[in-house]
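Scroll down for the structure; my scribbles are underneath it.
Letters A, B and C mark the chains as written, and numbering starts fresh at 1 in each.
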Amino acid sequence: MNGLERVMLRLFLVVALPAVLVVAWWFASDDSTDIYWPPLRTILSTFPDVWTGERLREDVLPSLLRLSAGYACAAVAGVALGTVIGSYRRVRAVCEPVLEFLRAVPPPVLVPVIMLFAGIGDTMKIAVIASGCVWPILLNTVEGVRAVDSVMSETARSYGVTGVARLRHLVLRSASPQIFAGLRQALSIGIILMVISEMFAASNGLGFTIVQFQRGFAIPDMWTGILLLGLLGFVLSVVFRLVERRALGWYHGLRDASRRSS
Amino acid sequence: MRGTNALLGAAGLTAFLALGEAVPRLGLVDEDYFPPTSRIADALATEFADEAFWTALGDTLTGWAIGLTIAVIAGILAGILISVTPYLREATASTIEFLRPIPSVALIPLAVLLYGTELRSVLLLVVYASFWQVLVQVMYGVQDVDPVAEETARSYGLGTWARVRHVLWPTALPYVMTGVRLAAAVALILAVTAELVIGAPGLGARIAVAQTSQAVPEMYALVVVTGLLGLLINVGARTVERRALAWHQSVRGEVAV
Amino acid sequence: MLDVSGLKKVYEGSGRRVEAVRDLTFTVDAGELVCLVGPSGCGKTTLLKCVGGLLTPTAGEVLVGGRRVTGPPPDMAVVFQEYGRSLFPWMRVRENVELPLRQKKLSSGRRRELVADALASVGLTDAAGAYPWQLSGGMQQRVAIARALAYEPEVLLMDEPFAAVDAQTRADLEDLVRGLWRQRGITILFVTHDIDEAVYLGERVLILSSSPTVVQEQLKVDLPADRDQLHTRVAPRFAELRTHVYEQIQAAKRGTPVDRVVKDLRSDAPPTK
């Protein structure tokens, strides 16, 4: 099989199944009269009507902003605390049971709790998102910081690389693959919490809108919302992967090299 | 070393609980919004005495267990099928990559419409979310199979099923266990979330009721219960994983030449 | 330049007490290249870490340039055996070499100069933009050596640096080290388990006993200063020296008392203390 044929085959494999599924959905639902499963044709045609530029600005944008704010807070807090806890064995031993418990609490359950303090505004949603996202980031940072290679650590020490320089050039860089794993998990949790916090109590937002459609039995509209949410999740994960590939280029190269040599 | 760590951990826990007692009492936060540890403990005791609590707990665990089982079986079957059938892995890769990041909560409105507050709406969410965890891990595990072992098995004329049993499964088992562990945690989160948002019977629904009736200490107590439940599941899953893999390692040790 | 007196290191932990190093006393003069050999497990690495300030000795002291070593001294550089774990994989070669220099408060121009110079002297100018894991084992160790060189240390410690490299590369690296030493006049303390390497490289060979370690013997290597892999290694004097060292190490492994074996083959300089 020559090069061009190989490329064509790969392209085919990437596109084939999704295309088949979409077509199957289209035809299976085309003459559907079930109000819960409107024809795909209807859903797609409703899409631009529902998600106008205005609605995107008024609902989707605030959702995304809240997600970003909560995620950013969680990232900063998680990495900072995780570095401290991971660097000192004693601190880790002291914190461990409490952390294990706190991270075991299903994050959506905290929505009613946080609502007590923060009301039902943006602060509440950002707090909810942050409180859920921080755990994977924090725990993964602790693991990453702990696992700094001993030889590398001694090398740094022997060359007088200590303190902030050590943190910057050695610890955080060495832990970054693990930290990114935590950031990735946190992203999926963040999206879930963004939607849930809006379903619970909001006046705008993607989750809020979808629930409004459901309550008002605007089923095709609801479906467009679900599709949009799915699309959002997909796009964010692609963006994340691109960012990760840039930041962790060295790590992927290192792993490939060691895999090849072994 | 272990002893000191356990002591330090206990100290940390005690300090945390003490803080939880002191901070509201000192007025640093409003007692109504953040009851002291002792009051939460009281509410917890009240809950334990309440039969409805135990029913709710049972409901949550039922949804969790059934959903997890379905997801694990489906995930393992799908994972193995996709991995052993030629070209199926590449063909499904794009679909999986697209469907995986879709937040399960997107299905909540659909679940509400279809099943209302029945168990099935909980199952819809739990199975959807947990399935991906298992599937991804199973596929990692299959990828990890030593090609030499596979070739050897094939040259000895072992059919597909025999190869799955003797080569694929032992290699994939650690990954499957990881997948089950992750799925178990996710299943709990989704079960409780579904109950919280949709109102299906269970701990989540009980929390929602406590919230609307402003029974704050009870709400906190239930949150603690979910945390403990999650903790038990995490620890339990890790223990099962270790046991299963201990057996697995020793078997592998025997078979390895 | 380097004075080690009465160095002792005892490891205590979980009920066991291991005396890795009992009493080490030796001196390395400025500009000398001294090799340390000994049976496996004789605490060579412990010794080197104590000298390098990475471990605190239980007793005794280490003086570098007359000053006591309490932590890693600023005019000392270490080259470790595990180059793969010593070089930072997220930095390119030139960044790895430059990193220690940033601690030294030099201007960026001066840093660049030192880096370029160091890479040139190990023959890796072309690899400056590569990542360490893209290079072979021998080249990675050269990067580690370049990093040490750029640091402009007074004393260079090398902990079995070529143990993890194949034989041919090892030969090249040995010549590299000797060449750099002759050019720059750094004081080098070279730890190895390879007897041939120790005799080939060193001006003096310190033979260590097995654990608990003391200096069993000091041997002066009176081979000519110009050495090369081909001719020096077949020279009769080389064979005599290495046989002697080998016998000493065998004796050390057997635990034979640490008396001087009187043979007229040996000609060593008595310790200066």
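Assume contacts are C-beta pairs under 8 Å (C-beta built on N, C-alpha and C of every residue); 3 or more make two chains touch, one makes a residue touch a chain.
What you are looking at is a predicted structure, and each value in this text was computed from that prediction instead of being measured.
*Asks:* Starting from the defined contact criterion, work out which chains touch chain A and chain B both, please.
*Replies:* none
*Asks:* Would you mind checking which chain's C-alpha centre is most distant from the centre of chain B?
*Replies:* Max centre-to-centre separation from chain B belongs to C.
*Asks:* Per-chain C-alpha centres versus the global one: which chain is nearest?
*Replies:* Per-chain C-alpha centroids ranked by distance to the global centroid put A first.
*Asks:* Using CA atom averages as chain centres, what separation in Å is found between chain A and chain B?
*Replies:* 18
*Asks:* I'd like the Å distance between the centres of chain B and chain C, where a centre is the mean of that chain's Cα atoms.
*Replies:* Using C-alpha averages as centres, the distance is 53 Å.
*Asks:* Can you compute the centre-to-centre distance for chain A and chain C, using the mean CA position of each chain? Integer Å is fine.
*Replies:* Averaging C-alpha atoms per chain gives centres 49 Å apart.
*Asks:* Write out the stretch or stretches of chain A touching chain C in their complex.
*Replies:* Within the complex, chain A contacts chain C at residues 149-152, 154-155, 157-161, 165, 169-170, 173-174, 176, 250-251, 253-254, 257-258.
*Asks:* Mind pulling up the chain A residues that touch chain B in the complex?
*Replies:* The contact residues of chain A facing chain B are 10, 13-18, 21, 36, 90, 93-98, 100-102, 104-113, 115-117, 188, 191-192, 195-196, 199-200, 207, 210-211, 213-214, 219, 222, 225-226, 229-230, 233-234, 236-237.
*Asks:* Over in the complex, which chain B residues touch chain A? Could you list them?
*Replies:* The touching residues are 4-5, 8-13, 15-16, 29, 32-34, 87, 90-95, 97-110, 112-114, 185, 188-189, 192-193, 196-197, 204, 207-208, 210-211, 216, 219-220, 222-223, 226-231, 233-234.
*Asks:* What does chain C use to touch chain A in their complex?
*Replies:* Contact set of chain C toward chain A: 49, 52-54, 72, 74, 76-78, 80, 82, 85-86, 88-91, 99-100, 102-104, 131, 133-134, 147, 151.
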